[in-house]
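Pasting the structures in now, so scroll down.
Both complexes shown next keep chain A, but they swap its partner, so chain B is in the first and chain C is in the second.
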Partner chain A sequence: MAAPTVSRCRSWFQTGSFGVRNVAQVRWRKSLVGASTLRGSASKTTAEKNCDAPWTAVVGLEIHAQICSNSKLFSGSQVKFAAPPNSLVSFFDASLPGTLPVLNRRCVEAAVTTGLALNCTINKKSLFDRKHYFYADLPAGYQITQQRLPVAVNGSLSYSLCVGKNQNEMVSRTARIRQIQLEQDSGKSLHDDARGQTLVDLNRAGVGLMEVVMEPDMCCGEEAAAAVRELQLILQAIGSSQANMAEGQLRVDANISVHHPGQPYGVRTEVKNINSARFLAKAIDYEIQRQVNELENGGTILNETRAFDFRLGCTIAMRDKEGKQDYRFMPEPNLPPLILYDAKSLPTRTCHHQVVNIDQLREKIPDLPSVKRAKLVERYGIQPLHSFTLVNEDGLMEFFETVVTATQMNPRKVIGWILKDMLGYLKQHNLVVEESPVSPLLLAELLNLLESGMISSSAAKQVLEIMWNGEGKSPALIVKEKKLELIQDQNELEHICRAVMDSHQKEVAEIKKGNQKVLNKLIGQVQRTTGGRSDPVSVKQILEKQLSLQPRKKTP
Partner chain B sequence: MWVRRVSALARAAFCSQSGSPAGLSSASSPREEGGCREKVTLELLDHLEHLALVDFRDQEGVERLQKAIEFADQLHSINTDGIQPMDSVLEDRCLYLREDKVTEGNFAEELLKNANQTVEEYFVAPPGNIPLPQLEDRDTFLQKKKPEAEDLP
Partner chain C sequence: MLRASLREISAALKEGQVSPVELCQKCLALVKATKFLNAYITVAEDTALKQAKASEKRYRQGQRLGDLDGIPIAMKDNFSTMGIETTCASNMLKGYIPPYNATVVQKLLDQGAILVGKTNLDEFAMGSGSTDGAFGPVRNPWSYSQQYREKCVRNSSMQNEDCSWLITGGSSGGSAAAVSSFTCFAALGSDTGGSTRNPASLCGVVGLKPTYGVVSRHGLIPLVNSMDVPGILTRCVDDAATILGALGGHDPKDSTTVQDPFHPFHLPSMTDMNNLCIGIPKEYNAPGLSSETLATWSKAAILFEKAGAKVVEVSLPHTCYSIVCYHVLCAAEVASNMARFDGLEYGHRSSADKSTEALYAATRREGFNDVVRGRILSGNYFLLKQNYESYFIKAQKVRRLIASDFAKVFSSGVDVLLTPTTLGPAVPYTEFIKEDNRTRSTQDDLFTQAANMAGLPAINVPSALSERGLPIGLQFIGRAFCELQLLNVAKWFEEHVQFPAIQLQGIMDPVDAVTQEEKSASFP
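Our next item is the complex of A and B:
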């Protein structure tokens, strides 16, 4: 559903996100320096002159989200991932003669809810069309879609991304959504190159999809990845799609072009089927860089479809769709227009099973990710950046909230343990929150030990490490077994401090000269001696007391 | 079968806007009395062959196509000014909505009975889409006609 270039140009100038453009310009140019110096002065072409000017990239996304429903869009066969081949196929899905489409109400509601969550205008009347092309996994030879009048139009998606050196600054962006259309999925083909044949599984044929068409309001892979992530969170929050990229429930096509600012748009290519969150940004940035390199070297960009090869890390031209496609759209004769209602236009005499009420669906929309984040910031006083991490990681927000309710520790202190320690471990072991060997309640117990002064923070970290590798022992038991409790006996602590001071005369002298910073070294030494079992605050007090008791003390 | 295919193609040709007049000089009876009649050009034929993955094979096929287009072209004589196009005779009916319940499926065996070739529970198809070879490499009468047309003074 690519729009003509002219309208794309116009829409770009309407957005006016100049800040973003500058970021991209700098980036693409930087990586070009190498290329242009390599070429040397051998060819003084126009490309040579232009390479001083920065490049601007334009990225537009088309996203297919599989609707989360029990049955398919137009038939009563089941929707399920990884079922035995051709076990979820009705006669309609196999397009046997005499079968007709019967629209699934749930799919319509999912598309309307998605439209509302993305600030779209819902079309009270929408139409179905046939889009024709030949492929073995499309048995009818056409796909039923919504080309002329889709179910939702003119929406927007706000998303945020981290910028700056340490990725600790958030900026928010908005990408406009042109339309959301309902359409059928195709089957799946397994290519057996050795035997020169294709195996066709129609289990996916006819599953309901929402195609979300976005305006080309993005300029790099990172922005596109952030936008897709936000869309994924929204779809999951409202339940219209599970949006699991690994299972193909969210598929991204990216339209990409580059040009010099102030000049018309370049020829665009389409990178198809980017099915991995990890590689989304990489695939787009690779394609932008490829186009820049191509143009810098005096080449041209072809309007073609490309695929991203995950293993090679590059995009390659796809072979079998050469030339302009002619989809021969025509109205779907077997489906009358889809009419939706709101509270005002609700018909009185129609059976309520036959009515989709937009207002009713709007009321049922739960908190969207943006609202969840705002509530986290308000309720727990945490930083907005932290609220993003909590919402972005599946299940982390729930984990955090469970810990907070089970501990006396201030949520702002809890967040550090969650984001730094827990998430660090999870990332290190490549686990999701659900798989964490440390349950939120055990972590809360540990934090309570810390909060009540039973153990020091460094001991708490030791205990957490043992909990992570251990077999579900409670933190209290670990503390007992490993003797990690803080030394509560004041005399014992004083004794240790005295010993440390005696063995560090040089440092003691330094402090006496007025260099108070050296005190920290002594505190650290006491900590080391006690194996982290001393409370730094009381150690500091004891040391200061003992230092001041000694004679020849210079007052600063 | 053949006729049905050609008439389907005629419909496609009907919508197609490939206007280049590089016509087949030898195409059947270029009667000009209809005025707005669309001639089957080499480009159009090539486009249709690509879309339908069908080889027109011979002069007779092209003549049939030409006739089918002429037949359909009669529709143009009807004045439709100011009339809303009708998608379907059902377009003012209510679109029935189905409950989201699983009612079909689990008959792979029965389904695969219709298939020419199967492997386990899969349908077997040729590898990918086999694009038609470039016009120059194609063994059709289109290609054979071309040099002849050029031979003419």
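Our next item is the complex of A and C:
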């Protein structure tokens, strides 16, 4: 499978010298968005203006995704987050002498499925290796990984990101995937500096990981964050990883360098263990800017490992003891080569539970996020940008679809309520979709009231406001209690309209002069008077009728 | 009674001529009487008696588990035994009590075998003398045999008993000594480069290294994972077949065991030699081969030829590179396998607590002997990025050539190869330790390690006594997974050479006395 061509002309520039760090970051981030949106021409002007040579950043990611599996990669221990320390440790996990690894078929299937979802070539034969280093939470003194011949290679990840002034323009990018390898997770060390001791928890030791190694095809934090988000959605869609960053199921290392276009890549640093979606872009952009500043000031970049301190908002060199580690890779002698089959090569006399069939796994892959988005656009006629938001917010698509099914309202109208009102509210209160106090069915009920002409749009917003408070009352009940139904009595409406016109003679005169825009003000006034209980369309008709009836006596 | 073969004692147990408890007590008594051999690191007296009582109960209730029920056996102290200390003859694992049984241990226990104790070895099985362990060297029972003593008296320099005792070979010297001195009816060793066959040869017992992948390594504390095989030490070929029958087969806990079903077998009494082709690898006539061993080897070839077998000289051209290549691969895997011994989870932990690194360094320096540390150092050197290609990869390539040497010979029609097992018979300890461990291993593993490199089954059969009254063994190497054929040939040979039994009257008589009186009719 040929790797897709990837545009590499992304570059941006330093737009001035930065004094204070925090300010610099803000300004740089602005320039970043501008540069990556406008590219070529805009960049040139900036460069000319500043007489600075432009910098291009190169970002490559290595992502560790914890495999969603009941048991560990090579042992039968359970995998569970936040279990009591050392409660999920088999003899093998503790590296008791004489124990041997036994490969977990589920983990292999997860890695193969992930490889297929990421357009990889699946290696029919892959190998396991030992990577040696001494660390307290690595009981065997080596990690079993796939260095020489990984399970999947040469894939690609397509992702989109919002650009433009209002983040309302979408561009798509592709990052090549070099390989996906199966490997063991390490345990966890807790350093108690006060008592000078290290506590080790081996619950995580030996949990299956997929390491997704990407080519350096990204150029800024935004892109990296968008790529990671897309990967996360893919992994969750196919169920190969829960990919929850907060629980450490998805961990990102970023290799970052900067150089002048046309020149060789710069020395790269590795920012390790970026375990938060929120700080991913920030950490990378900080490091790019740091390297640019360093080089601009005549400094050099060291090939080093750095960590992002989210409290300080900067990357810090990690203490790497004796320079470069030599991992002394060696084939894992206790595991035979991992052989995978497809429909053609499947041996006839083998039990099915003993072999992994690539074709069978391929058939089982559900819709990936990109397909989901396309289907949303096609099925509901919504904008691609909206489909992006629907898929990217956990549970929002399902919410939307439930509402759409339960209401007569046009999906294109529904999406406004979902994205603007509902998502806006959730964001404001820092809630996820799952935590929404308004269920999709209640929202649908509300939209049906609106759609059937029972209430006005502004009344609907009032009802929704009350619904957020979460008393669980049905919209119909709220409408009834608050008397928000539209005034159906034509006479009553006409009466109100007349009263409004009488008290707004100036506006009436304006309209009669031909300024029809002022009519909206009158409509608004009627709405206010009725407490949102009037249908703007009817009101408009009544007002127009009454205006035309009135003689133009005051017009000279 | 204790001199019987496994098969004979099994029959005696079945017929009620002896009870499991009685048999176990006899063995334990002999273990005590032969303590000076230093064959055992741990004698599992209490559990053994418990197991014997349970066995006896089964016999009484007519619920015998099989041929091994009630039969005392021993295990090399690098097989994990639940609840019984497993040390690998290293300070690193002194006091380590595994929470699980190795698969082979479990299989033997499931068949009702009685575990007498854990036998001595070179530290982590690194050696060929059973002299380099934390619990001291093992003494070869033949040092105390009438055969050797009589010949020895003539030699004035050998009169001092303490100077004249012989090594067992290794690294499974404790297991070989245990079987040879009748303290058990079978023992497990491990065989990475000859560690079962070498001491079997020097102690005059049968030592079988099965094909790699036939017997589970789960629970065997590894030396070189890609070559380690649990080995079987018995007093005759038939007994080795019986034990193999109990051990063989796929183990879900060891992914390198073969999936094909394993069928235990009994050896028919052979037979017709006419369709057999025996290969004599010319490269095994190596410098240093003792004239007596060479003569025994030649006699064996003639014996087969006379019986109608086709005996042909064959060539294994890469033999001379084998031992060097073995050392590189061995050291590399050792370096890796030993990385886990850091004092954190189990085993020795140094009191150095300045930093985790200091703890590691001190723990490993205190826990490992020079031999182990030396192999770890060289292994890590071979695995360094800059050396990997020129050492490890090269050695792997040579390993493939060696394996293909064997494959070619076997595909040319040869059924079994006949070679010496060691250069010569056992040497006195004082002589042995003049050379360092590495040099000795190079010489002593010369004929045996190639079978490990190629994964082939091989067996040592005691063949003759030397002029000084010491055992000389010969090795048969078979096709992969063709243990039945290999053991058939070995058994035929065994029957025809009539290797004399070790005479240990001085030691055994007091122990055996009671039984001799009681059961003299059954055991002439």
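Here are a few things to note about the model shown:
Convention: the second predicted complex is superposed on the first by the 497 of 556 C-alpha atoms of A that agree within 3 Å, B and C clash if a C-alpha of one lies under 4 Å from a C-alpha of the other, contacts with A are read in each partner's own complex, and residues count from 1 in each chain.
Methods note: a residue touches a chain if its C-beta (ideal position, glycine included) is under 8 Å from a C-beta of that chain, and two chains touch if they have at least 3 such contacts.
Not measured: the values here are computed from a predicted model.
By the touch criterion defined above, A:A136 reaches both chain B and chain C. When both complexes are overlaid on chain A, the residue A:L96 reaches chain B and chain C alike.
After overlaying the two complexes on the shared chain, residue contacts for A:P333 are found with chain B and with chain C alike.
Shared-chain residue A:F81: touches no atom of chain B or chain C.
By the touch criterion defined above, A:S69 lies against chain B but remains apart from chain C after alignment on the C-alpha atoms of chain A.
In the superposed model, more residues of chain A are touched by B than by the other of chain B and chain C. When the two complexes are overlaid on their common chain A, residue A:V108 makes contact with chain B while staying clear of chain C. Note: residues 91, 94, 96, 102-103, 134, 136, 198, 200, 326, 328, 333-336, 354 of chain A belong to the chain B contact set and to the chain C contact set alike, using the contact criterion stated above. Against chain C, in their complex, chain A makes its touches with residues 91, 94-103, 130, 132, 134, 136, 139-142, 198, 200, 326, 328-330, 333-336, 354. Residues of chain A touching chain B in their complex: 69-71, 75-78, 84-91, 94, 96, 102-108, 127, 134-136, 189-193, 196-202, 320, 322-323, 326, 328, 331-339, 350, 353-354, 356. Listing the residues of chain B that touch chain A in their complex gives 12, 15-16, 47, 50-51, 53, 87-88, 90-108, 111-112, 114, 119-129, 131. Those residues of chain C whose C-beta lies close enough to touch chain A in the complex are 79-80, 88, 93, 96, 98-100, 102, 217-222, 224-226, 252-256, 259, 332-333, 335-336, 338-342, 344-346, 356-357, 360, 380, 383-385, 388, 392.
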